[in-house]
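Across the two complexes that follow, chain A remains constant while its partner is chain B and subsequently chain C.
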Partner chain A sequence: MDRINKAKLILWTILGIACAVAITRFIFGLGVTTNLTDNTPWGFWIGFDVMGGVALAAGGFVIASFNYIFGKKVLHPIARAAILTAFLGYIAVAIGLLFDLGLPWNIWHMIIYWNPHSPLFEVGWCVMLYLAVLTLEFTPVVLEKYPNIKLLSIIHGFLYKIRIPLVILGIMLSTLHQSSLGSLFLAMPYRLHPLWYSPIIPIIFFLSAICLGFMMVMLESMTSSYLYRKEQEINILEKIKKYASYMIIVYLLVRFCDIIIRGAGSFLFNISWGMTLFWIEILLSCIIPLVIFSIPIKKIKISILYFGAFIGVVGVVFNRLNVGGITHLNNLTEIGSFYFPSLMEFSISAGVVSVAMLVFFFFVENFKVWEEMPNINNSIKKSTRFDSFKVYLGTNKIINRTKFSFAFIIAFSLTFSFISGSEIHSSGFEKTPVTKARGADTLIIDGNRDGYGVVFAHENHKKQGFTCGYCHHMNKPDDKATGCYECHDDMYLTGEAFRHEWHSSSNGANINCFECHNKSESKGKNFKFSDKKAIQICKDCHNNIIPSDSRIKILKTYKTLSYTDAMHSLCIKCHENKLKSDALIKQSKPNLAQCSSCHKNFKSYKKVKKLFQDKKNNKWVVIPIFKQIEGNIVQ
Partner chain B sequence: MKAILTDITKCIGCNECVKACKVINNLPPDKPREWQKTDGLSASNWTSVLHNGKYNLRKQCRHCLEPACVSVCPVGALHNTETGAVIYDNNKCLGCRYCMMACPYGIPRYDWDEPVPYIKKCILCYYKIQNGTISQPACTSACPTGATIYGERNELLKEARRRIKSEPDKYLNTIYGEKEVGGTNVLYITAKDCPLDFLLYYNNRIEKGIELAGMPDLNEALPITTKWAMGAVPFAFLGMGALMSGIYWVINRRSKLQGVVQSENQKKEDEDGQDK
Partner chain C sequence: MEELLDIAKGPLFRFSFAIMILGLIRVFVLSLINGCEAKKKAKDKSIPKGYVRKMTFGFLFPLRAFRVKPVYAFVSILFHIGLLITPIFLFDHALLFQNSIGISWIDLTLSKQLADWLTILTIITGIILLLIRLSSKTSRFISRNQDYLWPLLLLIPFISGLVCAQFTVEPDVYNIFMLIHILSGCLIFILMPFTKIAHCILLPLSQWITARAWKFPPDAGEKVYIDLGKEGETL
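Up next, the complex of A and B:
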């Protein structure tokens, strides 16, 4: 298999994975597919797909300006490829943005609802317009292929005539939005680290985008030469290398002058996370590429040059990621939780990049993007012997397509099966399992063991005339007083009392579905639950599931309240009623229904006490409040 | 311009305001999710009461006079109102979450678990007050101790100053929200031993030794920070266009002239050659 086909096979596989994840994202929302939080609402999709993507596509306007405006005709052979990369880059940005937006179908709102104060509004408009300009710039390449159709050739002629104004318009728009991506962060002085927050961040972004543009074009030229087994374009590489070095030096100067003039110089040598990230970024984006580019091209291997350009591209994208999220103070300090992208976020981003690359290969192979069309068939060996592989995958012509389809389908279906539904539904919930109440006559009811529980005296309540069944309102078979924790098994989340799987499995209760569910007469598929019958069936095994003195009379639902809700609804109701009815108690114990009357300051309270009274810590905490309970379980 | 004044020393932490807010806005019960912050605010909880052992503090949207969220929203879904409440229009929202990023207090919350998510935050019961259903926000009317009160901003500022003046030993001599980030409509006064500097988002980085290097003044409204960049947009746009056209014209002309000169030179050489 040839290099290019191997690459395509990998890309199709990634695309398959991404498609499965994309479906999940749109069905279940952002919360379960990403690691974004209220503290870090922007993540990898904004940092890499949008900010990195726009920067990566900077090659288009940089090369176009050098080729058409500055008259550097040496660059002409790669101008079309650069514009195609930019075009696909922006398409990729738009697709990436669709995943990140909460309401992507409203993206057109930017056209009709205006807010010119917003940098994002400006970026949105510029990207839209620039995408249109790039389309017009690239269309001639497609139209060239059909010289016989008259209409198309007229359009081609027209576009060719206006190519210089188009290029100039493209440069104007690029200047704006490359820098405006930096302006996005001007409004966040409280988020960005001082090494990155600068009043001139738009200018820094523009300069680094030009550096990246050059390096990206080098990378692209070398990669496609490798994949399509062409000769390396040494002359062009040498030129771009020179321009790139100059731009990097300018960028470095501006960056450091800015930091020193602002007075953030002390952070450069003050050992911290911010400093480390900054120096890594400078090393990657400036120093390594500068050193490699300073060596004459004939003295080094092409692979080292490739390495230099690649590291430079990674460095500038790393800058975008730093500004976009990594160095935000809630990530660097202990104020918030540290954000790290989830696997799903990575796979969507990888999928978007693969789509762009596949489309690039398509255009390169079918249209005259380069001076010579790459010949992809010359390397297929003609084997005369019988090839069993070929029999199954088809003839020479379609063998690759079959392979790609298989790769895509297998990757898609495997990923889809790995994304488990229950995991999706449960992710995002912080489960707090409940533990058994400690003690016998005097219980310590403290489900999550945070020392913030209640001491409950069984005897006292018995004296008040409550029977066991009043609180132990439902019991397991042959059990007189099942613990609360068995059904109310999560501190804050509702749970299931009825274990459906256990009851239907042959190892468990082994009950036929139709014993509980009524077969609907009309279709036979529609199951309907019948109260009376079910209870009869339950009673066969559960003799005293509902004690006669229970507060529950009829089973209405198998959902259980959360532990806190169950406890509070059980206790408070009585306490409040008691307080209202009994004037004597009201006088002697006016606080009977106050929180602190039950949640007393006893021994195991220490942990919270410490938290509260540690004044140096001065931590503010939220105490869970009683939930408003809709729909009472008590009949 | 209406405002809310919360007096930390009077709050007893009974959570009545939280309940009232939930009831009037018909908010679902809270579930602990991993994307929530620890301050108790969430898409279903627009106000929360924080406790530190001695004092209680009610958190809610601060309703800035010059809100960062309003200035950054690309579609203008968030907007200021004449009563001072900062409200939002769900129908315009794109879901870009720029408002959450830009808010200096970190207030707006997101429906992370919904396939059709919206931004959620306190709106000072704007629509209900406009309708005339209620005369003041549910939280202030529910407060049993008068720790949080609603009224004209100027009146409340006077009241806050009066309280501080009458009991200078008890109160800290600052009105939080009077000037910071251009002033807010939710004001706090607090006890001497309980400064509320942490309320401003990431203000505690100063404790961590990260100073304000090149950052705007604390009392400066955030929309000002983007003003120069947005103002420069038309000039950068047209300037770049003019520059590029100029360079193109010069270089094109030079290469044309060079072409003419070259062809003349060639002619001369040819003629010379013919002569010889």
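Up next, the complex of A and C:
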């Protein structure tokens, strides 16, 4: 098997793993697949896929500007490959972003719903426009293949004519969004570690993107030469190596000057996790590549140069990861939760990269991306003797197709089986149990006991002529005026009024299934689950469960509303009706059905103690305002 | 034993089920692509639609076989009915799917008695089919190893399932048979796309490719010789 096919086999395997994880992510959500929390909402996907991906694709605009604008024609042979890399890189960014967005189907919103104050808005628009520019820049390569179709050749001619304006537009847009990815972090000075936060972080981002662009182009050139068994492009590598070293020196100077001028220099030698990350980053992204690039290319092996470029790329991507989440203060200090990406996050990112690489290989093999097409068919080994034990798979193309698809399905199925059942279900909602309202004639309703309650004049409502059953619309068996909290037992989640488990358990009611459910005679012993509606309902056994004066006449479901919903729907509905029907109340209490009539500052009640005091019985009872007004009128 | 059962019901089942679904799709797509490429190389590019339709329907409704070998055709049809309907529409399997994936066809399930009778029917017809294959000299000549092993493998889950459903209530025995039932089922799922059982999805395509093979140019055989590295040898 040839090198390129081995590489493709590995990429297809990674893709299989990523597809299985992707299904889990889109069906069961972010909580199941990632280690992200509300405290660290940005993690590996933003750091690597989006910010790293945009930086990795910087090779496109760097090479295009050196080739077309600065007239360095040496770089011409790799210009198309660099543009293709950038094009695929940006598509990978868009795909990677879809995984991280909570509502990925709303990604088009930024086109219509403008928010010009947001740096993300600028980044989004720039990336979108630059992707369009890259598409136009790369389209001629595809169109070249079909010179006989007239329409396509006309389009090709037009695109060829406007290539220079396109390149200029591309460079402009890249300059904008490479740096404005950094501007995102200007908004969070208290989140980022001082070694990374800087007022000139957009400039630092832009400079490091140029370094990364050069190193990425070197890496890509050397990798494809190795895989397709081409000769290494020594001349070009020599040039790029030189430019890359200059850029790294500039970047290093700017970075350290910035830290020292800002006064964050003390953090450089103050031993901590943040300092360690910083020095690792500088070592990887600047020092090792700089040392290797300073040696003339003829004195070292190509593999060492490869190592240098690779380490540099890893280092700059590590910088994006650090800024994007790892060095956020809630992650470094003990205040917040520690974040480390989960395996699933890694596999999705690896999958997105491998798709991009596979598409790159496809374009390289089928279109004229390089000056000469790679020869992939020269290495077919024909066995001289027919081996009947060896399965004959056909020509090279068919062998590849068979093997790659096999690797894909095996990887997919293995991953699918290893994502264990417990992980597939999320941890669910956090429960907020509800407690009883305090007080006697006046109640303080504060279900979750967080100190923010509502004062409710129970006695007074009784005096208004409401019967108990009107509000206490359902009783527990053998009970009268059951409290709200008994059935509406969670502050924000729906609950169950009916306890199936208790009714069927031998320790509880010990009732046979068929006393409530339908028994289907025709189906033998099979219990028909489809008859979910019980033939018996609560009322049939418990006589007084719904009082005769209840608001609710027929029970439609056993699900109960959450405590807040139950309270709001009961109070607001009644208050609204009262406002409509009673003219006096409408005059005296126009805000009766508004939030403020119940959700008052508790102290304000105490200030107007009059409201609470019933003079006759010396009890804490609220006197309705309109009665006071009446009293004033009488006086 | 229970842990083994959990592994078999959980990861192993998910693995083999995914392999089956994806593998069958893969085999179908690959043969479609390869068939299309074969069409490009063929001399006569028209698709023999009438022939393919006739062969496919002849395969699905073997009326001719009823005339030639009535017993074999009848038994084979009964075997296929039992083989497909029993596992898919068994109540317990539907419940398993409902609980693990959430897809439900519980309303369409067979009653327990009918399922048991169908299982017995499948076991008996499977054995008869194997005996017919063994008894005829012609079919012995064209049979490969997998042709003998497949009926036996297919019968294992049916027999163990029947034992679990009817003959035992003892936990140890039940668990052992249940494990055999699940493991053999998983093995069938895994092997399906890679052996002759793939005919369940390949049916019209295989007819098409066979029909296509007769349309190659006259010297196509020579190229096969060259590809196999047997140039110049006589048959």
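Quick notes on this structure:
By definition in this document, the second predicted complex is superposed on the first by the 413 of 635 C-alpha atoms of A that agree within 3 Å, B and C clash if a C-alpha of one lies under 4 Å from a C-alpha of the other, contacts with A are read in each partner's own complex, and residues count from 1 in each chain.
Assume a contact is a pair of C-beta atoms (placed from the backbone, for glycine too) under 8 Å apart; a residue touches a chain by one contact, two chains touch by 3 or more.
Since this is a predicted model, take the numbers as computed values, not measurements.
Look at A:Leu30: by the touch rule set out above, it reaches chain B but stays clear of chain C. In the superposition on chain A, contact is made by A:Tyr113 with chain B only, not with chain C.
More residues of chain A are touched by B (comparison of chain B with chain C).
Once the two complexes are overlaid on the shared chain, A:Leu493 sits against chain B while remaining clear of chain C.
In the overlay built on the shared chain, the residue A:Ser285 is in contact with neither chain B nor chain C. By the touch criterion stated above, A:Ile409 is placed in contact with chain C alone, chain B being left untouched. By the document's definition of touching, of the two partners only chain B reaches A:Leu176; chain C does not. Once chain A of one complex is fitted onto chain A of the other, the partner contacts of A:His193 are limited to chain B, with no touch recorded for chain C. Shared contact residues on chain A (touching chain B in one structure, chain C in the other): none found. Remark: chain C residues 10-12, 14-16, 18-19, 22-23, 26, 29-30, 33-34, 91, 100, 106-107, 109, 111-113, 227-230 touch chain A in the complex.
Note for the complex: chain A touches chain B at residues 26-32, 36-39, 41-42, 65, 68-71, 100-104, 106-107, 109-110, 113-122, 124, 164, 168-169, 171-173, 175-176, 179-180, 183-184, 186-191, 193-194, 197-199, 202, 262-264, 267, 270, 274, 329-330, 333, 335-336, 427-430, 432, 492-493, 611-615, 618-623, 625, 627-628, 630. Of all the residues in chain A, the ones that touch chain C in their complex are 20, 382-386, 392, 394-395, 398, 401-402, 405-406, 408-410, 412-414, 416-418, 420-421, 522-526, 529-530.
Here chain B touches chain A in the complex through residues 13, 15, 18-19, 22-23, 29-42, 48-54, 57, 68, 71-77, 92-98, 100-102, 104, 106, 109-118, 198, 200-205, 208-216, 222-223, 225-226, 228-230, 233, 236-238, 240-241, 244-245, 247-248, 251-252, 255, going by the rule given at the top.
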